[in-house]
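See the structures that follow.
One chain, subunit A, links the two complexes that follow: it is found with subunit B in the first and with subunit C in the second.
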Partner chain A sequence: MNFLKLDPLMVKRLQRFRRIKRGYYSFLILVILFVISLFSEFIANDRALIVNYEGKLYFPTFKFYPMAEFGQMDEYGFDDVEADYHGLKTEIATLKAEFKDRMETWDGSAAELLESEPRFQRKDNWVLMPMIPFDPYEPDFSYDEPPPNAPDGRHWLGTDGQGRDVLARLLYGFRISMTFALALVVISQTFGTIIGSFQGYAGGWFDLYSQRFIEIWGTLPFLYVVIILTNFFTPSAKMLLIVFALFNWLGITYYMRTEMYREKTKEYCLAARSYGASSMRVMFKHLLPNCLTPLVTFTPFLIVGAIFSLTALDYLGYGLPPPTPSWGELIDQGLQSDNRDKIWLSMSPFAAISFTLILVTFVGESVREAFDPKQYARYK
Partner chain B sequence: MLKKLLMAGLVVALAPAVTATMAGAVDVSSIEWETNMDDPMIGNPDAKQGGTWKTYMLSYPLTFRLQGPDSNDSFAGWNRAFTMDFTLVALHPVTDNFIPRLATHWKVMDDNRTIYYKLDPDARWSDGEKITADDFAFCYEMMRSEYIVDPFYNTYFEEYYESVEAVEEYVVKIVGTKESWRPLYDYNLWPMPEHVLAGGLNETWVQDHNLKFQVGAGPYTVSKTENGQRVVFERQRPWWGDDKQYFKGLYNVDEVDIKVILDADRAFDHFKKGELSYQRITTAKTWAQDMEFDSIKKGWVHKKRVFIDYPQGMYGFAMNLQDPLFSNKDFRKAVQYSFDFDELNKNLMFGAYFRGVSAFEGTAYENPNLKPYGFDPKKAREHLAAAGFTKRGKDGIFVREDGTRASFTLTYGSPGLTRHMTVAKQKFERLGIEMELLLLEAATAFQRGLEREYQMTIMSRTTNLYPAPHQYFSTEFLDTTNNNNIWAFGNQHVDGLIDIFRFDMDEQKRVSAMHEIDAIIQDEAFYVPFWQAPFVRMVYWDHVEWPKGFLPRRFEQITDWQVMSIDVEKEQALKAAMKAGKAYTRDEVVDVDGWGVKAKMMQAKGEASN
Partner chain C sequence: MPLLEVKGLKTEFRIEEGVVHAVDGVSFHVESGETLGIVGESGCGKSVTAMSIMRLIPDPPGHIAGGQILWKGKDILSMPDDAMPDLRGNEIAMIFQDPMTSLNPVFTVEKQLGEVLEKRFGLKKEGARARAVEMLEQVGIADPSERIKAYPHELSGGMKQRIMIAMALMCEPDLLIADEPTTALDVTVQAQILHLMKKLQEKVGAAVILITHDMAVVAETCDRVAVMYAGRVVEFCDVYRLFEETKHPYAFGLLKSIPKEGLTKEDSLATIEGIVPSLIHPPTGCRFADRCFKARDRCRSEDPQLRDVGDGHLTACHFPIEEGDE
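Up next is the complex of A and B:
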């Protein structure tokens, strides 16, 4: 992977990018948020982070523990359904409080009280819940009013139409949007770069025909194709990614093609060829590193586009299959006539999208500025 | 016999022009006519007359025609109510018997597809002309004409009617294409005014009649229009039907004033301002949360939930019996017991709906003794164990010894149901059953159902008064797909019962056969009924009055049976009271259960919880 080795010009550009504060900090914030969101299961989950029960430590985040494990039983008398960590926490807290009450009127020592009423021994267990103790799927119907419920201390951003925590869904939705956008950008940029490079470098009939194909392909209406494809394939994140990629690789080919056309006429290219370097080697080792500017500058805007289209598709109901947490689906809920007075449903995803897109746009603008060759332009 | 044939041949030879009417014809004077004047009146004969019924439509009609392009919009309901709805006979909305409308008498011949109708000689068009048999023959001719540019009527009349003839001035003979067990229902017809339309039925008919008001048999005619804004119908007084038994107490208001309001939410605001007489409330949320406005508190507006008994159609989960998982009856029952309707109803639907039970809900054939399965994790667990699911896997989902998981995919096509299904999914998961959701485009989901390319899907079908068990449960459709037997159900016994329902002339036998089918379907557990709304929720101003029971039992639209009336004096008083800010005593009774529907629902619910 030699071409990743940074040439001095690239290093200079990156330094310049760092100096553009707005873009640089936006980039840092985005990276931090994304890394955090990769650990969403530890932030928003209705399974506890750690349970200390009868002297044993449990880490239920990714594991199913039945109620029996923690001496619980549900209202129908089953102990093999999933443990209720909220309930366990409340139970321990109540026991603690009760124990304290009893101690005030108790003559002997705490140990004696424990001995006489063994149920108090459970009070020494503890449950550590995540910061947001709700997962993005489980409905919370504990309110008197049917959902959506307004924000309060329990649900910081309220609940959605099915009683699910909006904040948890935003968080998981962010992870899905970002992962999706990044994967899409990697796939479509890689593919588009390869095709565009070949077009530019090879030229001739390959360029002629592939360019016509790209023009025709580019006129296909994306949304209709998605709708038609959902009739044949089970909609899933993977399928959406493929469909998006099918339409997203086109843009970059135009730029890579012209870059290649330009670079291949330069002397260093000729030199490399006269040394007997293969076409592949010339293209990807010698020419490509000099053609990276459009690739780098367009990428952030592609991310913006990808997040935006995914949200739009989800909003229209052709996106990720339910019950996947998604921003578009939240906006859809917020705009339904029944929910127009439930302002948190539309405002929170709207704020989240605006915030993310603004950050990415800032990054994009700064990258473009940093890579702008005009700074070195000399006009004679 | 031979002589008779020869005679017939002779007649044919001698008078070829009249063969159509005469050959094999019945002498009209010898017909033993039937009628039905024994059913109760539909409206209140003492209802106050006069006043203006203020209502709305979603857009101004593009045309006043009822056939051809653009003729089916939100105005068409009212337009049809005073024209095409005046058919020969009608189904009584309470007793389900046929009653006279434009025909006073009828006679169904032995072939069950030939019917003679005797017209009411009093009937008049709104322009004063007599309504005669020729108008029905003309309707038949017109509906088959390419000049009306209406493929629906063209094919419908090709498929259903063989001929419509004016036998005498007041006798119509209709022959259907095939034998029917409900010929009066299948071979009914409305008249079209021949004297008005006959001359103009040509290439330009569609354009010529865009803005011409209909000449109809009904009591109202268009009296005023404001382009893009409103259409006003005015009552003809006297009207030929005023004293007819089944029209008494209907059509009580002097004017029907329909104005354009672009959406239903906005219409509700217009209602609150007093610009509409009545508003039907269609969402549970509005009913539960937006009903405490000023005029209701002051008693000027009343809110009622009127229970009606309209066939509901099948609506619920359908399981594919050809799927390895769902071919197991115990697994099907486990799913039945895991479906928590009450949780959905309480938390997502404001407790507004009732659980469906029968496959023939709301028809005369539903089995009244069936109780819904109800949510019961214990029983669900028993049936899961019986189906071989005894151990929970690592993710909490049950697995069999051979490794099959209790996991299936729900294929459905209605995005509006996603919220209910995600909640149901979480519930199933807790009980150890995994339900993946696969939301498809509506037509695709429907098609996958018909092709049986699903494990579980959501079935939603409408029905009329007569259920169609044959298409849904007959073995005839087991080996083929693309039919309504989407679950692939059927056995010899049920086939026999279906045949009784289809062909037996003894209504009692048919009903008990259907009850048995209903019970078998419930026991086989491949259909999980969802919820139903056997009521009309409405608000109306104090001066609007209704007969006892408010709406007829088989109520669909306010335009169908116009039983409402307006008390003009009360309207004046209300105006004064509103001006003075004087509150009335609030009417606290919300539920109206004139037909015992709610009582039946509550009973089914109460006994199910035991």
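Up next is the complex of A and C:
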């Protein structure tokens, strides 16, 4: 992207983009949210961030520790399964309370009490849990009522039908949606740009036939293809990405094709060729930097489309396989007949998706405005 | 052996209305170091000839239908495609008509000159920069080390054309094709640019094909001239002979149409009556016959070939101009 930095026109456009406050701040918020969501494991997780146990520090986010490490055992007598950090935290708190109670009736010093009952030594251990101490997969059955449970101090946005924390699922869902959308944009825009450039630059029969192929390809109904494919294959993020990409690369080819058609007639293209530049060099080094406007202006809207379609597919049940945290699946839960009064289930993903899509649309709008050459034109 | 010899070149464009015979059997040659002018009105095939030599005809719709272009004795038209990039720029360089669009708008001058230097001489970064600055200085750009950082839109037309000349001559080519290099420029700048080209040409020792429709430019700069009309060379001779002993009626008409000293507002300029014939269905016989004051029946039936009318003066006319013709 070296040429983006050098091109003064592009610099000017970026400056113009920065001046459009709505788009610029939307962009900043989105970037910050996305970067934060990349570190979701440190924000919403049922593994502790740091555990101080018997004078040793543990960082369970990065490493698996069995229950035996912290003297725990599950109800079936296994101690080699993942440690229960919630349990550890409760245990320490109970010990502390108990120790306090005993001190009130104890005559000697605290040290003597510790000596007589060594189990109290464990009260000095501590566990630091993340901000949202639940991961998006583990059900929480600690309530008396069956899930979904309404929001409270424990689960800020309540739990879903399987007792999983909604906020944690929203956060991970955001990460998946954004990563998916960005990956899709990179793949389909790259492929579409290459094909469109070849069409425009080569022209002739290649353009003619590939354009007809694209038109036919474009009429394939996306949803039906996905439904058919999900009947044969288990949907995975990779498969969905490929299917999405197969349908999304078409859009940009039209624009790159016409841009190339226009740019290749300019004399600098001929000049470059007259100095012996190869077709590839002329196309991608000389012409492409002059054809970037549609690519940049359409990208945000493609992201909007990708997030929305992924949510829609998840809602319909043809998207990412459960238990992947996803917004569409949450909306689906919230709209089931026995959940209609559990408003947090449908409203929180709805709010999240609206917020995200509005932000991306603002960015897209501002980018388009910043790139608009007719900015100062006056129509009479 | 001449440096470049074009023999019976035919270039056609297939369009909906039919096949346009833009260049139809053009022959001429260029000796090393000399300047050949190609003159003629718009659409007579001057630029197409130049593009054919470089093999830069947009295909489709155009293609070279026949003839030979011998470069140092080797036929350019039968060379493989991947041999052309080595020839272009390194041995034959080109300057275009419109300096406003011949530089890539998104790169600095330094980058564009650097690219050519890297391809031609393998010079990179500092080496290329020093060479480019030196070259800009030679083409008369003030403060070259600052100007080199400029983008094309920050430069004037004359400056851009100087940069194009610098780029072309930097390659030290054996042949420079200048396709109306001064047409888009101010009259005052035109003279400077032509003078500069001449000076640098002498320094590098390159032959030049100067395409123009300006007779004054021809008189000023060329050693020999090929006059083209409707896709053909009609007169090919020494520049002095063209002005002193014009043989072809078309060339004669062209020279007469130059405004002369002593003309007043009331005098009308001499013109050649009629219009250029269609290149899709060219008339049989001489293509100039309909506009020619000397045309006879033979002109309309028999196609005149280029023939020597004395001392290597070639003309394609059955009834060349004689003394006393008006």
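One rule holds for everything that comes next: the second predicted complex is superposed on the first by the 368 of 380 C-alpha atoms of A that agree within 3 Å, B and C clash if a C-alpha of one lies under 4 Å from a C-alpha of the other, contacts with A are read in each partner's own complex, and residues count from 1 in each chain.
We take it that a contact is a pair of C-beta atoms (placed from the backbone, for glycine too) under 8 Å apart; a residue touches a chain by one contact, two chains touch by 3 or more.
These numbers come from a predicted model, not from an experiment.
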Room on subunit A for both subunit B and subunit C (clash or fit): fit
First (subunit B), second (subunit C), both or neither touched by A:Thr105: neither
Cα-centre angle that subunit B and subunit C span when viewed from subunit A, reported as a multiple of 10 degrees: 120
Subunit B versus subunit C as contact partner of A:Pro146, first or second or both or neither: first
Subunit B versus subunit C as contact partner of A:Gly203, first or second or both or neither: second
Subunit B versus subunit C as contact partner of A:Thr219, first or second or both or neither: neither
Subunit B versus subunit C as contact partner of A:Thr234, first or second or both or neither: first
Partner chain in contact with A:Pro322 - subunit B first, subunit C second, else both or neither: first
Partner, of subunit C and subunit B, that touches more residues belonging to subunit A: B
Partner chain in contact with A:Leu9 - subunit B first, subunit C second, else both or neither: second
Distance of closest approach, subunit C and subunit B, by C-alpha atoms in Å: 51
For the subunit C and subunit A complex, residues of the former touching the latter: 54, 56, 60, 84-90, 93-94, 96-98, 101-108, 111, 115-116, 119, 151, 164, 167, 171
Subunit A - residues contacting subunit B, complex: 63-64, 66, 76-78, 80-82, 137-139, 141, 146-147, 161-163, 227, 230-231, 234-235, 317, 321-323, 337-338
Complex contacts: residues of subunit B adjacent to subunit A: 265, 283, 285, 343, 346-348, 350, 377-378, 381, 392, 394-396, 415, 418-419, 421-423, 425-426, 430-432, 437-441, 444
Subunit C-facing residues of subunit A, complex: 3, 6-10, 203-204, 266-268, 270-278, 286, 289-290
